[in-house]
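These notes are about the structure you will find just below.
Labels run A, B, C, D, E, F, G, H and I following the written order; every chain starts at residue 1.
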Amino acid sequence: MRRLAVWAATAVFALVVYLLLTMWTGTWGLWSLSELIAGAVMSCIVGAACGGLLWERGGWRMLMPHRWLLLVLYVGPLFVAMARANIDVAWRVITGNIRPGIVRFDPQLKTDLARTILANSITLTPGTLTVDVSEHSGAFYVHWINVTDDSPTPEQVCGGFPAWARRIAE
Amino acid sequence: MNALIYILLAVGALFNGLGALALLRFPDVYTRIHGATKCTTFGSIFSIVGVVVYGFSQGGGEGGTLAVHALLALFFLLLTNPTGSHALARGAYRGGIKPAQAVVDRLEKGKR
Amino acid sequence: MTALTVLQVLLLVLLVMCGVLAVWLKDLLGSVIALAAGSLLLALQFYLLQAPDVAIAEAGIGAALTTALFVLAIRKTRRKEEE
Amino acid sequence: MRLLTGEGFWSPLVWLALAAGVALLAWALRSRGRQDYKRGTEQETPFLSGEPMPEGVHVGGQHMYWGFVEALRPVIDRLRAFHSGVVSDYVTWLVVMLAVVFLVVMLS
Amino acid sequence: MSFAMHVPILAIAAPLLGAFSLPLMAKVHHRLRDLWAIIVGAFTVAMIVTLAVQVFGGGIQVYTLGAEAPDATLGPEGFPIRITLVADAMGAFMALISALLGGAALVYALGFAQDGKGKTLSMSLLLLLWAGMLGLKLTGDLFNFFVFLEITTVAACGLIAYRVWESRPPEAAFKTLVMFILGGLMVLLAVALLYGEYGALNMAYLSNQIGGGLIDRMALGLLVGGLLMKAGAVPMHMWAPDAYGEADANTAIVLVANTQAGLYGLLRMLFTLYGGAATPEVGWLITSLGALTVLVTVLMAVVQHRLGRLVAYGAVSQIGYMLLAAGVALVTVGARPEFGQLALQGSVFHMINDAACIGLLFLCVGAVHRATGTGDLRSLGGLAHTERWTSGFFLLGALALAGIPPLNGFASKLMIYQSVFMLSPILAALAVLASILLLAVFVRAFQGAFLGPRQNVVSKPPSPAMLIGMGVLAAVVIAFGLFPDVMVRHVVAPAAEALWTGRDAYMAAVLGG
Amino acid sequence: MSFELPFAVAAAVLAAFMLVSVLRLGIGPTAADRAVALDTVNTLVVTTMVLLGAGLGQVILVDVAIVYALLSFVSTLYIARYLEGGWE
Amino acid sequence: MIGNLPFVAAMVLVVLGLWTLMTRRNLIKLVVGIVLIENGVNLLLVSLGYVRGGVAPIYTYAPEGTPVDIPMVMPTPQALTLTSIVIGVATTALLLTLAVLIHRHRGTLDVRKIRELRG
Amino acid sequence: MSVVVRTVARLLLAPVAIFGAYVVMHGHLTPGGGFQGGAVIASAIALVVVAFGAQRLRKQKKTLSVLEDVGATAFAVLAFLGIGVTFFYNALAGTGGLFGQTVPIGPNPGALNTGGLLPLMNWAVGLKVLAGLGSMVLLLGLLGGDDDR
Amino acid sequence: MRWLRIAALLVVFGFLLGAAVWMRPFGEPLATGMDDHFIERSQEEVSANNTVTAVLFDYRGFDTLGEATVLFCAVLGVALVLRRWAR
């Protein structure tokens, strides 16, 4: 039953991607009938083939729709942070003043997906780059281009992202 | 509409250029990854959004397909780019490349 | 049209540069990286020459699979080109 | 049964007849030989330059044309060096031949 | 009638389909696999023989793939747009050679290969190599020619590395693969140049168009370079002893056929594609390379101490004879004298003789290797005490190859000597000298391995399947030795004629009119 | 159709940035630097392809960009994994 | 406009690959050389099929006016190139596998040391 | 690889596979076809090999080899379907059946059920290529163990 | 040996470069009859929009079969070479 649910979720995910790819192919409406049938069949096959690998642990949390809404909302703060990051990098490229180092902090995230979201956000935002994530403790090792504190709190490094990640994926 | 697309393209090119420049100017691998990843991703967002705006302004099946496919490309780019950089940084660190001019290196003490 | 011409010439020069790098680098991994970059640029060139089919094939095969095969082979052997 | 080759011809039947004739001749010569050699006696032990040949000696393939090979030693050594077994050399000769073919084809 | 029209494609597609489904059969049961291989092989041989009967009886067979009718070669605009298979007498003759060697190799492999998975894979590859050679010989399309060249390349090099637990076969396979890929890429470059110039890929159509321009000559140079390498002419022959010597016996004999297919490709390109523009200079080049090949490889064979490698050098020297005679024919193709035709006939006849003799020798070497576990002449000896059949077959093959009169090798060699003598007595003298040396080499090999007191423990006598494979080739050796005139008159002369003057008929068959 | 030019110009400018990245690919002291340069070239190529899909006026060409965005990741991962050492 | 630059670049790649094969000492480097030659030949083929001002030979969402007003580039070289690319990856994989096997037997990839088959 | 890479690989697996399927399926409409789509799906296999290790797919080796044989055989059989006329004759094109719809001449948005035997051949080749390239990468990746660095 | 290599490669390079330069101009094919046929007729003959696929699988389908065969051969070759090693 549980495996079937995972397969179905994977198939739906694949179907969404397929439908996006084949938008406007129909002679009526957006999708033609043959596209829909073919997409459904292919999604089922893909779900059966790679469902075992996708969403291995705690993935069911993402089945809640409000998390997807949060993910979409998250784009806003992320974009602002990215803009800041780029101006920051531009400044550093021009002036060349850097004070790099690798720091450790523990954002207390448990699921893989949350850690992934946080790590990618960190990589995309000002002056930080995830170098390693501990498998056991969940601690992040971050290359920080402008070290102000040897053992910082998560907020110093990446602001409110851990909270966002927790809200989205835990 | 045209002006908007011009601006988006210009900003995209600017940030991409910044990324390439960062690749050339920064002293070691990690800082280069910083520059390259952030700037090229950000610049690509602008460039591709320019194309998306163009596509939607064209309208119809053709323009819509262009926009949606470009958005998909952007989505995959956003998903893969930071992950690839993270993998490279991790690989470089485990491969024995120490960060240059580092003031602190917690990973060395932490776990190896 | 002129912008496209500039782009095309630039790409050809880059392609040859990547080829030279792939030959010149002693580090086999660097050589393979240069080859992958050359493959990317080759695909962009195909794209410009209006051959999207070939560009996709070059993307899937040249960039991803050939690099994977090379890296897997280097992993089982020796990385540096000995003198 | 006759293969014409311009000026000459060749027929296997003639050769077969010739071979049969030679065999007949050999048999005739053999039957005229001494009859007092017997199997199983020391009369049929082989000799090697006057000494009884030791058991198990075999002139292997390696030593048959020793003199010939020695006489041609410089040529054969050069040929062996030519077959160096290095892939780069194989490719080099290929490219050299390609150049030669190009020159022949282009300049003719 | 409708079945008879499909024979050319069935000959190629049957082994392909058989090879694709062979691993599936092996998953069911290994007996089924063997049975399937036999069925497919027999069907292919039957198709080839049918094709040969059709071609020698009724002229050139043309088959257009995907058209509304098999003989609808031309598109609506009046030139070929689809791939055509063209089986003229030469192609059918070469197909017969590959049927002989491929069938013998398949039967031999049934009794030869040992481990289960390796047997499945190697038999599948053998069928694919066979199909590749057939396609190479029957295709009438340049790019298709390249594709089949690559099939033979990859399949052959996979097979050479069969004995992975030894260190030499992978090395030989790597070297051979590098050379073959380079040759194939040269052919592809030539195809690209010709396509860029004429916008067509059909050989007959291109043959109509080709003049003597710069690009045409470049393409000719690339084709000659690449295919001479495939054929194993001297400075580029070094892969050949490696590959022949290290491959298993069943692979080696198909490789011989493969080499001859390279030679066939060369002749096809020079006579048919470039019939009007091939220069005597190319002929002289090929003649001199042939003479060089004969001499160098025979001298190298004298000093070898590994049986397989020795026979391999012998095999390459036979290619030299063919190149020599083909070059003579090319030199004289403009004037078309009698001896040029004779030279081409000798070259073509020597192909099938060489295939039978060398194939027999390789199979014997494989049996020796299997029986004693070694192929080193320094440690072999006295095998004739136990391996009666093998030694007999080896003697037969060696004598035939060296050109001892009542056997088949002499017939074709006589034609070659005669025609080469007309062109240049010195070259003929060299060829005769090399032939004598070759006899000496094989005397040495036979004496070293089979005569003398017993030296080796024979663990595995040849299996019946192996003996059948050898027996077929031995029968061919004897039959062609006894009735060369029948062979020459009915098969070899038309095949040589197809190259010598058949260009117009070829073009007429494809292009119509 | 009058709108092609800006996209083409932007693509040409991105190609110039590719030149810089290939420079880093050449001089990069370690293989990791080269890999970073490759990653940058990847991103730039994808962006260029999307731009040119609009610039050349052909929608279907954008599919190639999606393939690249997905697959360049694989080669980066292989190189990173090799750099890591101690595979498996 | 840009002359025959694509052809020239393709030929340069071919010669670079040949140079690699002739002078480099590492088996995997040899494979790199072969891949370079393949790239060169592919580039040559595709650029032979280009028609100035042409669009891709696909009718789905093609610009209005094809193929009467706007030419299409030639499809055959693209098909040939696809074939050649797949053949290239097949041969590359086999070469690399053989190189790995040779390294396993000999412990080296130096072509000057891998010459058991000589003479 | 780290948890981040593994998670992203998991997320990307289905899109890559479905995109490959899209490329194969629309081979007769948009750029792509059996080879390209097969190569894309094969790189999904390569992605699994690099992110999770080749051992994870060890059991799929046999499946892949069967798939490859089936794909190749299917392609050859599809080519044989036309042998009533000629080998490789497109027997389904333009017949009006499931795959035999005709397309309008000139630029058009395209419909999936056209092309005759082409979509089926695309699938056969796609199956063959994905299994072939995938099993090559898998076999090279499985060379672990005894003499690893 | 080194000079032989350089000389031979220079000769080959010269000829190839000459061919590239003296070939017909880039973008202006001389003979396009076959390709024009493909472009104009593929929609009605094969009813496929993508001309390249039509050429690949219909007009030149035999090449594609050969290509699939090459790939099949390579996979069999890799499996054959690694059959005692990859477990």
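Criterion: contacts are C-beta pairs under 8 Å (C-beta built on N, C-alpha and C of every residue); 3 or more make two chains touch, one makes a residue touch a chain.
Bear in mind that the values here come from a model prediction, so they are computed numbers and not experimental data.
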item: Chain hops separating chain I from chain A, counting only touching neighbours; value: 2
item: Partner chains that chain D and chain F have in common; value: G
item: Chain separated most widely from chain G, comparing mean CA positions; value: D
item: Approximate Å spacing (C-alpha centroids) for the pair chain C, chain F; value: 11
item: Whole-Å separation of chain centres (CA-atom averages), chain A against chain B; value: 15
item: Distance from the mean Cα position of chain F to that of chain E, given in whole angstrom; value: 47
item: Gap in Å, rounded to a whole number, between the CA centres of chain H and chain G; value: 22
item: Shared-contact residues (touching 2 or more other chains) in chain F; value: 18, 35, 37, 49, 56, 59-61, 63-64, 66-67, 70-74, 77-87
item: For chain E, residues contacting two or more additional chains; value: 16, 20, 65-66, 143, 147, 150, 154, 157-158, 161, 164, 170, 173-175, 178, 182, 196, 199, 201, 214, 218, 221, 241-242, 300, 303
item: Residues of chain D whose C-beta touches two or more other chains; value: 80, 83, 85, 87, 89, 91-92, 95-96, 98, 102, 106
item: Residue ranges of chain F in contact with chain C within the complex; value: 5, 8-9, 11-12, 15-16, 18-19, 22, 25-26, 28, 31, 34-35, 37-38, 41-42, 45, 48-49, 52, 55-56, 60-61, 63-64, 67-68, 71-72, 74-75, 78-79, 81-83, 87
item: For the chain E and chain G complex, residues of the former touching the latter; value: 143, 147, 150, 153-154, 157-158, 161, 164, 167-168, 170-175, 177-178, 181-182, 185, 188-189, 191-192, 195-196, 199, 201, 241-242, 245-246, 300, 303-304
item: Sites on chain B touched by chain A in the complex; value: 15, 18, 21-22, 25-28, 30-31, 33-35, 37-39, 41-42, 45, 60-61, 64-65, 68-69, 71-72, 79, 82-83, 85-86, 89-90, 93, 99-108, 110-111
item: Residue ranges of chain I in contact with chain G within the complex; value: 5, 9, 12-13, 16-17, 19-21, 23, 25-29, 32, 34-35, 38-40, 42-43, 49-52, 54-56, 60, 63-64, 66-67, 70-71, 73-75, 77-78, 81-82, 85
item: Interfacial residue positions of chain D with respect to chain E in the complex; value: 1-3, 5-8, 10, 12, 15-16, 19, 55-62, 64-65, 68-69, 72, 75-76, 79-80, 83, 85, 87, 89-91, 93-94, 96-98, 100-102, 104-106, 108
